[in-house]
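Below are two complexes that have chain A in common, paired first with chain B and then with chain C.
This part shows the complex of A and B:
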């Protein structure tokens, strides 16, 4: 290794919601790529080691190379001429950029939504309806002696979740690590994660709600029908034993993933799980935590919440924020053909939304901000190439337990950050609309 | 008053001004100039509708209104007839009067109404007679009559009143219900009555219920015949077998008060 290689200690990986903050990055002597990512998992290693500064144009307008200034002007024109501009994505960028995006939606009286609406949006709705008993991953690491994962596969989706937070760590109260914990999993099929579980409930697909409802009845001592055995595939004896273990633990935690929130029942499934946790608090200390996917999707929820009062699916058409999943969430707005302009930040709805929504995307002006070309950017009126957060861009991200962390980027990028581009667009919109922005310029 | 849509909205049009309470006492010019929101743009009613004063208090609206939201919002009196399909939030917070839709309606028909009657001749979307997200109370009175099918969460948080679905209802019909009556002449979707406290859900078909519902008995509920005769007068076809038949009675949700009832046609 060259003597002039740079080492970044305690760098932060923004690949998944674990946001591991103990990565040691080695940057090559030319400062163009990362040669080593110590402590990173397989996903984190790919995230860091495969990132190169590529020779893309900083911006394209209608597929033709353009300067940043020209692209900012074109994007601002698209926005101010729209009656229902929609901003979407935001889960793979910094909180600082997310804040600028909310400001744009506010100034435009537009619509803003994040990828939360297609992953843990039902969880956000359930929080609103039921409430949340929660804890930081640090508290869980130190205290949780009963750990359950429902509808998720952290071994493959969050590979260091076991090692850093919930299964293996030793602590003052759990000196023997995994041996002091009971690990339970609920899923519809065996996974890499279920292999490490002490208890694995393989339930019939689509029966999560019924199982949660039966567990709630057991916890509360209420009447329920034995047909739940047939419906879920789990025997009553097993269920009773599990519930007893949950009631008897010192500190329990229920992690849940999209296997619960995106199956039939959605927000009611998430709500049932949160209600189970509430019920268990009559007997012991129990908390719940969604296992979030994208690196800063939790930050998106936080930023949109503190700026508008709601976590996602927010509409400003009438000058004040309104929240209504299904009405103002982007997949629905596009699916019904309602938006007349779309701005996508660090996401790719063109590759994963419904056919109807994708057809609509192709029929309206689209602005994209992404470090790489995407399917969506192929259809964009204005496409910006931006620097990658965490690797090139500093800022704030939120871990899945709502703990904010400051990024420690490895090397510079020739491309602007999402925040810089969005702020420039915002300021141009303010000029075009005659709005006096009270924004204070941030020092570079 | 007659309104005919002459320009299709390109984005959602919020037109809560289409309401007898707003029109009464106003001239044609004043009504034409009333503000509607076309996305983020404030426009006038006349930008989208041709208005004709026929001297009647009933408001008749023609055209494809599937992107027009909030018609009849906060209505207390009078009648609206919509010839065609209509957008979301029809009759939101209504306390009186009547709305008739000859086509289909989008989501949130009769959101949080406490009086009046809404009749949809076609299908309805999700959340018929429900509360807004974050509210635990849906319809508190009045009637919502859907002749076709309805999607999920019919009567979420319902506290009082009557909802009739002529076809099938979606999942979680009567979820979080406090009281009132939901009648589904077709098939109930999955998990009806989850978290219901009191109230009645009725269906002419069998249904798979949650484990927290327990079977009581099979009998002929006297009140049900009266309800069926009443909705027959509203234009539904009710087989004599349903009028005179026996029904399974189930109680739930045991996680709540267990005082809700689901009645399913037995024989």
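This part shows the complex of A and C:
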């Protein structure tokens, strides 16, 4: 079939949490790169079109080229010789790989955490406190006549969020699309997103909690101190009118981003927002959704939850899972200098963690799995080059609203998948630790 | 290496083959029950032990989006109930919603080898299958939620019944489901589209559709029977938990007009009294109806005192409970398919309603003339965890224990029921029916729930003890598909069970009708919706009866 290009229909883009599944990819006749990514947004296009299979070694040990087998052995040795091995990342790989990573942490009595702990971890904690009312994105596409975004800029971070899910779609219940919806934005500055909003509240930085709490009071008809006007920069009249609109809509949704969860107040902010949405259900149907960033961060939350009972920041030191954000979250485990080995899958803490954590990373053996060299992989004892999920590797991913999809890879990679590498390491660890990992018939 | 096992000297209860406590030899080879095995085969001397088929749970919530939301939701229920790793057996956490590995191991430890996840929106079936892959040892399947499906409702209101049936068959194939589940039929549209309202009468028009709940119920009972599915429509009736709801339940059963139907967690649907006031027991009326209508089967949905988690497709119900308890609450809508509500719950002896629910469940078990049609469940984790089954079995087998437990509960509630007048004590044979043989039969799993030649070698062996709770709490041997999971009380090995599903035939022309609906209403591509055969690691297609 040389000479003819291949077309993949309904391919899935894992660049962001929108996980659009309507991409039409054209693969060059040589089967080495993608020439067209129809329907993809600007971010998706660069994700697909700039992906090339590069001429990296499959693995490096101490910066020197090594075979896959040698690297698996070296990685397994790092793991079994550690007292407090920590696994981190996981939001840009398949659920199949995530499962292997949790298994390794379990068999090593180690620690596992995902990038959730540095993005919507506070949302997960707030959720445990107050619950949430939520919906899959199709329900919002079909029914939401009031759409609000808080602390996020989807026009630039999730470019197709408006078009596919929340603002523009026409539906049986909203035949005129955007005209039938009210769009509201809350942010500390005007953005590309706020330009399309019918209502824009530009609040003072760091006043999210106060504003949300005032809105709760208004929903419930409780008295509160007027100083909130000055504190947030939003007049009470505007706020009252907004809350009334929220109560009067038929189906409301409040999306929120890291502008809420990673600023002053963190899980208090997220909790206030989730509870506001629950309060609104006394009057109408109202839901909320965090606009998750990475392509399969939602899958990571799901896999870690179903295997351990907890969503992130899980520790197996005692032979069973324990959960404590701040104690078992990677930034903290590294910042306190506790972990004595680190495995990073599809993430780069070496470039974005605190100086103290990075200093510690440089002092312990590190294993990395990534399609590209990263700052972290520069310091790695063992660095694997792996194939890219969605483009080269099949598997399962979860959209930001927990809808699972099966990937449709475009072409083969010479590199192994994260899943393959992790499974090989797991099997070697089980051998070294004397853990029998397959069923053997047992004579009575 | 031989895979043969001989079990000798055990007291065998195998109701599907009419065996009631005979000392009988059971032979196993290659995962199946066989006539005989070579003389030198490994042998279990089951003297002083009771040999039963592996348990079959017809209704529980163990895998999928709502279950996982509940796991993430309640760390407070886990720290005190951990499940450490044992060699290759993975660690986990418990509470009323255990992690996946722990769910599989704990079911198997009780002697259960098959369990059916009871409520999956088809859009979330892929997630459910992923979790079932991580739920070891037991065989499992799931029912797909179809009674609030916008596409099916549109076909139904236009009277396009053939396309309706074809679409039901397509959906079962696409999601790899085992059966069809109805939850609060027609209630999602008023909930999602009309400010959190609900439907309350089977003949009330559903806002947004030219339909009534009764029409949806009838259509799905007919479709499941016409498609020859091994298990009939599995119905969570309207008005769950409401005082006076027993009339809705009886009307739902009447809607079957003699065709097969299964009413689930019927305890929650057996209440008299007026809406908004305290409920009363209508167990007698419900039992009489089922006793007289052999087309109807039910599982009880027994309430057990202690920790539980309410998780259901019936979102309006959980909102009501949330407003009563003021506890944290989850609502999760699935586009075009389902609602969902979750909240932590605790059943307490001193509370009138909880004690009444407990008593009504026991009344239903004890008043059933035909144990083959009133089977065991707690609607795990809604009425309490499946880990309560041993205690429930003791309550049914031991009149004295029942009276002692009743004395601890709200006396106004207990005395308003006939529980204390019921002298019946279930026999081991009857327990084998309600926990093994009958659920397997109602599910159409002809190779399960019995120990006859050709059946799956899913076998549990208990020490024969006076205290039935202690006895059923810890199986001495658990054999699943001919492999030991527990041998002489110890975990032996970890392995996967199968995923059971159906593939009813349908005319592929229906996909041309469904595709435009998906383009308008869904956010995933029609071609990305069905689950590929290769997605299931170890599946078993349970045959449908051929259409005549």
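Please note the rule applied: the second predicted complex is superposed on the first by the 434 of 444 C-alpha atoms of A that agree within 3 Å, B and C clash if a C-alpha of one lies under 4 Å from a C-alpha of the other, contacts with A are read in each partner's own complex, and residues count from 1 in each chain.
Rule of thumb we're sticking to: a residue touches a chain if its C-beta (ideal position, glycine included) is under 8 Å from a C-beta of that chain, and two chains touch if they have at least 3 such contacts.
Bear in mind the structure is a predicted one, so any value in this text is a computation, not a measurement.
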Touched partner set for A:311, first chain B, second chain C, both or neither: second
Chain B versus chain C as contact partner of A:83, first or second or both or neither: first
Contacts of A:346 with chain B and chain C, given as first, second, both or neither: neither
Partner chain in contact with A:16 - chain B first, chain C second, else both or neither: neither
First, second, both or neither for A:265, with chain B first and chain C second: first
Partner chain in contact with A:284 - chain B first, chain C second, else both or neither: second
Chain B versus chain C as contact partner of A:128, first or second or both or neither: both
Contacts of A:227 with chain B and chain C, given as first, second, both or neither: first
Broader residue contact with chain A after superposition on the shared chain, chain B or chain C: C
Which of chain B and chain C A:325 touches, first, second, both or neither: first
Chain A positions touched by chain B in one structure and by chain C in the second: 109, 128-129, 316, 318, 323
Residues of chain B touching chain A in the complex: 10-12, 14, 37-41, 67, 88, 107-108, 126-127, 132-134, 136, 171-172, 175, 190-191, 194, 208-214, 254-255, 258
In the complex with chain C, residue positions of chain A that touch it: 9-10, 12, 21-22, 95, 99, 103, 106-107, 109, 124, 127-139, 141-143, 164-165, 171-173, 250-251, 278, 281, 283-285, 287, 301-303, 305-311, 316, 318-323, 396, 398, 402-406, 408, 430, 435-444
Residues of chain A that touch chain B when the two form their complex: 82-85, 108-110, 125, 128-129, 209-210, 213-214, 216-217, 220, 222-228, 231, 264-265, 268, 316-318, 323-327, 338-340
Touching residues (chain side chain C, partner chain A) in the complex: 1-3, 5, 42-44, 63, 65, 67-68, 71-75, 78-79, 82-85, 87-88, 90-93, 95, 97-102, 123-124, 126-127, 130-131, 134, 191-196, 319, 328-336, 342-343, 483-484, 487, 492-495, 520-525, 527-528, 531-532, 535
